[in-house]
Amino acid sequence: MNPVINDFVLNVATVNGSGSQSSNMIILKALFRMGIPTGGKNLFPSNIAGLPTWFSIRVNRDGYIARKRDIDFTIAMNPATVAEDIREVKPGGVFMYNDDLKFDRALLRNDTINMAVPFRKIVDGVTTAIKMKKFLTNMVYVGLVAELTGIDKEVLRKSAMDQFGKKNASIVEENLKAIEAGAAYAAEHFKNPFPFKVQSMNKTQGKILIDGNTAAAMGLVYGGCTFMSWYPITPSSSLAEAFAGYAAKYRKTADGKNSYSIIQAEDELSAMGMVLGASWTGARAMTTTSGPGISLMSEFAGYSYFAEIPAVVWDVQRAGPSTGLPTRTSQGDISFIATISHGDTKHIMLFPASPQECFDYGQTAFDLAERLQTAVFVLSDLDLGMNYWITDRFQPPTKPFDRGKVMTAETLSTKAAFGRYEDSDGDGIPYRTLPGTKHPMAPYFTRGSGHDEKARYTESNEVYKRVLDRLAKKFNTAKTYVPAPIIENTAGSKVGVIAFGSTDIVMAEVRSQLKKNGVEPSYMRIRAYPFNQDVETFIKSHDRVYVVEQNRDGQMKNLLTAEFSHLAPRLRSVLHYDGLPVYADAVVNPIVAAERGQMN
Amino acid sequence: MNPVINDFVLNVATVNGSGSQSSNMIILKALFRMGIPTGGKNLFPSNIAGLPTWFSIRVNRDGYIARKRDIDFTIAMNPATVAEDIREVKPGGVFMYNDDLKFDRALLRNDTINMAVPFRKIVDGVTTAIKMKKFLTNMVYVGLVAELTGIDKEVLRKSAMDQFGKKNASIVEENLKAIEAGAAYAAEHFKNPFPFKVQSMNKTQGKILIDGNTAAAMGLVYGGCTFMSWYPITPSSSLAEAFAGYAAKYRKTADGKNSYSIIQAEDELSAMGMVLGASWTGARAMTTTSGPGISLMSEFAGYSYFAEIPAVVWDVQRAGPSTGLPTRTSQGDISFIATISHGDTKHIMLFPASPQECFDYGQTAFDLAERLQTAVFVLSDLDLGMNYWITDRFQPPTKPFDRGKVMTAETLSTKAAFGRYEDSDGDGIPYRTLPGTKHPMAPYFTRGSGHDEKARYTESNEVYKRVLDRLAKKFNTAKTYVPAPIIENTAGSKVGVIAFGSTDIVMAEVRSQLKKNGVEPSYMRIRAYPFNQDVETFIKSHDRVYVVEQNRDGQMKNLLTAEFSHLAPRLRSVLHYDGLPVYADAVVNPIVAAERGQMN
Amino acid sequence: MSEVKTTEAQTAAPAAAKPETNKLGLKKLDYQGAPSTLCTGCGHDSITTHIISALYESGIDPYELGKMSGIGCSSKTPAYFSSRSFAFNSVHGRMPAVSTGVKMGNRNLKLLGVSGDGDTASIGIGTFTHLIRRNLPLVYIIENNGVYGLTKGQFSATSERGAKLKSGTVNTHEQIDLCALAIELGCSFVARSFSGDPKQLVPLIKAAFHHPGTAVIDVISPCVTFNNHEGSPRSYDMVKQHNVRLQELGFVEPAEPIQAQYAEGETKEIRMPDGSLLFLKKLDPSSHDVSNKMAALSALHETRASGKILTGMFYINPDSVDFLANQNLPEKPLANLNESDTRPPAEVLARMLEPFA
Amino acid sequence: MSEVKTTEAQTAAPAAAKPETNKLGLKKLDYQGAPSTLCTGCGHDSITTHIISALYESGIDPYELGKMSGIGCSSKTPAYFSSRSFAFNSVHGRMPAVSTGVKMGNRNLKLLGVSGDGDTASIGIGTFTHLIRRNLPLVYIIENNGVYGLTKGQFSATSERGAKLKSGTVNTHEQIDLCALAIELGCSFVARSFSGDPKQLVPLIKAAFHHPGTAVIDVISPCVTFNNHEGSPRSYDMVKQHNVRLQELGFVEPAEPIQAQYAEGETKEIRMPDGSLLFLKKLDPSSHDVSNKMAALSALHETRASGKILTGMFYINPDSVDFLANQNLPEKPLANLNESDTRPPAEVLARMLEPFA
């Protein structure tokens, strides 16, 4: 039976805090550097050490690297989950396990290729330092996998060296020896042909393998972020910490000063208050958090909307509600953020679908916030933010910053009068002056209570309604500024599919499987709220439109329904919401079933 | 020209902090006690003293006592607003003003009956105590109004005596003299027939004139509220303070103890935390606040939903967003509360439309919260909560409290096992045990993170989805428990109108005016979310359904659209959102225009 | 609480020496919880062990204990002791607010709150302040490791100015000393201890359960993963080196016989309202009098500058009036009140409505 | 700030005696704001008057002043002074957080924060605590009337235990003394004053503008509508009766000549980093040394028990290091940085991406 080439899922079951992360990265990096499309996902627990952790690597020649449920090749290193790991392997798959683990060998299945490996013995052959043993154990399986699947030895070595970075030579040496020991063991003991092989391809030239949070941090450096106030929370902390790292290195002014300020606030509520204060002065200010932090920012979000102060809020969504599953993913904060805060509020949302867009929105979010003078929420999620994705190299942005409508002392002196909340251009967006502007007409009073066009306090019902109507007009104007959807129409198709954010990663695979089932829908990826004209046109030009999202209540579908109620009957939900990233079948099966039902 | 009987709007323009509130109440009470349908509205500023305040009293024989824009009879006591007050009087109306005010008499109109009254002179005739003068001035207009409109002298006297309650005799005496001085002046100087008269009727027998907040406080006393934690905020403070007053008087146990605890928390976030703690033990716990407080309760609202802990949150809505107009009304918190808090959450809302329902929901809200083990939000508003409404006397509730599914030590001992989040009855609602229950199976671990049916910590995707699905089933079950809509169908009508909460007060007048315009729609008053079957049936059985609400974004319509997307195209919005209560024309005109457009 | 004794069958151990039991007839084992998921060697796990000892020795009925916590590694620990007790693991920084509601709802529950230094001093400092202002009867244990353990080691507000993380980040902010803050705010039971010192911590916890008001015990509890490195002022080594223990402590329950193991003279005896006794034997004659608030504050300020870590009882006022005292609550918990206890008779409603007729 | 002098035309008053102007050539009138909408006689309005005096005498450029506040009658006052300055009336209890962002965004803005006792000690105590921990340079005036004025007179957290409202409600909670709390939290400029005492308050405000860090001034400011009744510890009469003024105060701007109006001996001279001088002439030789933190705390604790109200400078450390010092910010405010200041060159991005290739 000849082996499957460049198409399998490797799943490593270990315990967190055991250093398996670097072994997994070496394998992932090597495959990527062999030009093979690869995706890596870390399924980690919400504690620091000792609980089950799985790292899955999907290799797929066609570039389908979203989550795939069935597992071809498992490496079982964790006694606590060995029974479950045995069950999860696809029939005909490979179950390799650490022979030192204590478990009932009768559990081993006869429809899988079971490979016992004496890790302790192999490690003992490499080192006598007890402290090192725990970490070297994980390196052994790097060698085993490389040998069995045919990973290029030189590429593997280079990846290992990169991974150990500046660690001292002896440690690097021991790790490499452990890898080789694993490879040697495999070569010597597992002679029969291995069912899953890799072969170099050329699908990753000029690309990088990066997580969304790091990409976002780079994007903020280039997007002109000068103020970040944040509070630690999984899965958003790595974005803030990456920005702190890059800013310290690359954001020094000529005279060695920092062109930024980062504050770890006492909580998310204060963090959002600091953002509004800094944005009010004209700085590009943002915060990054997850669901629980967004809830604490509700009151200030309403202030940003009504007093029209720019703000960028990065929400790396996790499975809610409440504390929920801090280390699982979801797209569950959409309904909440769309109208967050009491009263008539509507907020701008961006839905990045790749590290590339996480990078680009580092500037786009600020441009929109300063242009529209309101809060812009960027809804990433744990899967996109913390897992590793192949993406084109980011190009340094050339588009100048859009600082929005700012009235300087010079421009003021050409005006007869100035009203902070005057709709002088008719697009609903007023001009603002920055604190410190030395001109008698510049200063104004910012408040969250009733105010007129001159920012004076008023309780007048006419003025209050006028301001609310202008804010609605401004939100409508936003449609012309926010990123338009990406549409791939299938000529003549009566069926459309809508997805957004990280769900997009599975959509190529979904559409190819749908095609095999005789369904060739048009596809629209929504990138922002409010929805512009193209979104309406797309829905209108199809009879049935499936809205695919990773939450229980069909939150995007509800927004589309409210916006285009005349088209609501065409919309149907395809929902996946168990905290793990969506996989192709979860989308294909319901659509095929519905379309089949449609036909007869 | 014979006078209009029992159909006019009196508008008193004064300055807050000048004690005009008691004068206005004496007039309102007298009219009410003459059996004439009357409604009183206080239009007050967001400060303590010195700013313009208007009190409008609408007398209407047909019982239409919602806000009416045109003013028939104004009493101008405030120099700062006299020009505006002159403009606002209906042609042919009466503009009575304090002659001591300094303003340009040329502003007085010739199409209104202008009546100058020398208040200082009249008051000087009553007292020499300078401190008293300011307060007695307002009493003078009580006499003027009574004399001119024909308010029954005895009824007026009784109302004045009640109003002064336990004040010392001499003060009461002086006030009565000021009233009489006013009446005498009118009798002597304004001989020609007055255009607006009142005549006793019998429309208020056995009724009371009360504000929604006080009614709610009484309802909480009878509804079994044993714990209230709150933070002062307009327009909700009077609800908490009324409950504190009634509880102190009427909620003493046999041995003189308090059958309740009230805590003024340091902020609304802590207040909601206290509610959850007390509800968790089994106490009927609630908090009362307005928009800004609701925003601060976002995180705990999600906890209440996911860990399934009862809570009652009274939201006396005010004009938002942000600080907004603290002393103006709106129904603007609906979208925010429906899915408040991050993640997939859905919350139960009740929409009281009268002081009677504010009273009833004092028990209903707790019954629902304990039955469904979740937060119940009661959305009142400033108009319903702080203004005065004629309503039937409340009857002491006889329905026993519904304490929901509580497993006692006794019932536990009949069970083989107990799981706090087990759906043993299949309606999605599990059983809970109260802390302190002395049985080995009783104790469980309450958390906002992932948990299984036995309340054990888990990050399993299957269990997480199962819990989310059960919570959705529970929310569906809620449809059978929450108050059903009140429906008045017009046989054969293709048009329906939906309203809810305080908007209902204007609907009788709206429907009678619509009828005059040849439009006789069916009317449904929604009383709760989630919507039960009757709501769907109502929409389904009409081609065009107008959803009338007091917010800009059509928040109820959006909820209906999301819930019944197949019926969405039938729904149309009629919106009024300027912070002042809705008036008949604001609803009638757009519906008539739309229906006329429909016909041709 | 009703007098019903726990009814579940005692699995009698026939042969082995009859296992030691407390006044409730429970074994220490009966106060265990689920296995911990914290890092091996984490200070919090030692605190859990000492909490178990205190509960067991005090003979606290697990059914009457309410375990409250916020969010963090520390706040997970209620799952690792007394699993027969109800627990409420709330949201980050809000344990004091939830505990206030719980105590009002059921006054018979003895509340033990466990929180972290991030949970208390950063996001939770507002609820901490107002808990003390109200003086809610709650045993408040802060498991203080100077960092946010669960979110991988950022500084918390209690970390010393100038402290350095493994990543090299230096803390430039003023340190919050939760004990000095609690004393300034009027807290009537303030102590500090160390996760590795059961002889000091167990008596403190036992005394705290008898205190009429909020009892704050700030326990230094090293985070072996993020704040136990060379030069960290919170590592096991540094704490052991700089720990200055103020007193030898002993606690005697009301009914317990007093083994006179405390030498005369330097031993201060503090009688709690219920007659239980806390013995404080000064280890240094010059150390301050624990009933003198200003002396306690000065002692804390002086040692802070010196780098020494003062542990033991700082300040206690056994005559403190707790929050319940002026709530005039009935014996029967509010949670158990029903229609008959709360619904006024029909004519009361008529009287209420009178002014509105 | 750039050296551009204010350019708007000075309306020269030809005939009348040339009106007094400050170093900027501005009249006191130029520091007025909109008419107040507070109750006549409200203490807050007097504080506004004294703020105007301090701004005028200090010659603070209205364009460089940022007026920050939370929500309450007190927080409305920024509208009633210096209407040429930008103002940010934020949400209840969060002025310190917004101010932190404002100062980072534009370091050249001098920030004056006005808050109420409810805004600071109840909902805002968390942001107050962490503002001090970070030591943000901000003049923080608390207009303290012991109640929530704007929501009609409920108690705030600073009201004395046992105080009684007109409605008869008695405060049973522990009082928070914001000055003692600030000192304990490490604030390096803490003073208390009284709305009716400009001779004390004006120099304090002027000194606060020169302080390198957070400067807290708790100003007792009677609410004539809800807390000025017989027996209220915060009424004008009670404050006048019990006010114990610590020092005669004088403040001299760096350039100003020192009129030697301070007697030798008992006068302490505090030199601010920019050379300006705060003179403190003790009115009672036994009163504490303002550079001694513990002495300040003891003085506050003693007087609290006595019912006396101590006012004046409690504690000051002019060598305090403010939050900006270790932020390593460029001279040019972050608000004014654009592509050229913030975008690293293209090859930097290549270097950043290197580890991910």
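Going by the order they are written in, the chains are A, B, C and D; count residues from 1 in each one.
As a convention for this text, a residue touches a chain if its C-beta (ideal position, glycine included) is under 8 Å from a C-beta of that chain, and two chains touch if they have at least 3 such contacts.
This is a predicted model, so every value here is computed, not measured.
Engineer: Have a look at B-C versus B-D and report the one with more C-beta pairs in contact.
Structural biologist: The greater number of contacts lies at B-C.
Engineer: Please flag the chain sitting at the greatest distance from chain C, going by CA centroids.
Structural biologist: B
Engineer: Which whole number of Å gives the spacing of the CA centres of chain A and chain C?
Structural biologist: Centres of chain A and chain C (C-alpha means) sit 40 Å apart.
Engineer: Taking each chain's centre as the mean of its CA atoms, how far is chain B from chain C in angstrom?
Structural biologist: Measuring from centre to centre gives 44 Å for this pair.
Engineer: Just give me the whole-number Å value for how far the CA centre of chain C lies from that of chain D.
Structural biologist: So the centroids are 37 Å from each other.
Engineer: Residues of chain D touching 2+ other chains?
Structural biologist: Counting only residues that touch two or more other chains, chain D contributes 91, 122-123, 125-126, 129-130, 134, 157.
Engineer: Going through chain B residue by residue, note those that touch at least 2 other chains and give them in order.
Structural biologist: 45-46, 266-267, 292, 299, 303, 322-323, 447-449
Engineer: Per the contact definition, I'd like the list of chain A residues that touch chain D in the complex.
Structural biologist: Per the stated touch rule, the residues are 162, 208-210, 214, 218, 221-222, 224-227, 229, 246, 250-251, 253, 255-261, 263, 265-267, 269-285, 299-300, 303, 393-397, 400-401, 403, 434-438, 440, 442-449, 457.
Engineer: Considering the complex alone, what residue numbers of chain C touch chain B?
Structural biologist: So the residues of chain C touching chain B come out as 1-2, 4, 6-8, 62-64, 66, 78-79, 83-91, 94, 96-106, 108-109, 126-127, 129-130, 134, 327-331, 333-339, 341-346, 348-350, 352-353, 355-357.
Engineer: So in the complex, which bits of chain D are touching chain C?
Structural biologist: 122-123, 125-126, 129-130, 132-135, 157, 172-176, 180-181, 184-186, 293-294, 297-298, 301, 326
Engineer: Going by the contact rule set out above, which residues of chain A touch chain B in the complex?
Structural biologist: Those residues of chain A that touch chain B are 45-46, 290-292, 294-296, 298-299, 302-303, 305-307, 317, 319-328, 330, 332-333, 335-336, 338-346, 447-450, 459, 461-462, 464-465, 468-469, 472, 551-553, 555, 557-558, 561-562, 565-566, 568-569, 571, 577-580.
Engineer: Please name which positions on chain A make contact with chain C in the complex.
Structural biologist: Within the complex, chain A touches chain C at residues 17, 45-51, 231-234, 237, 264, 266-267, 292, 322-323.
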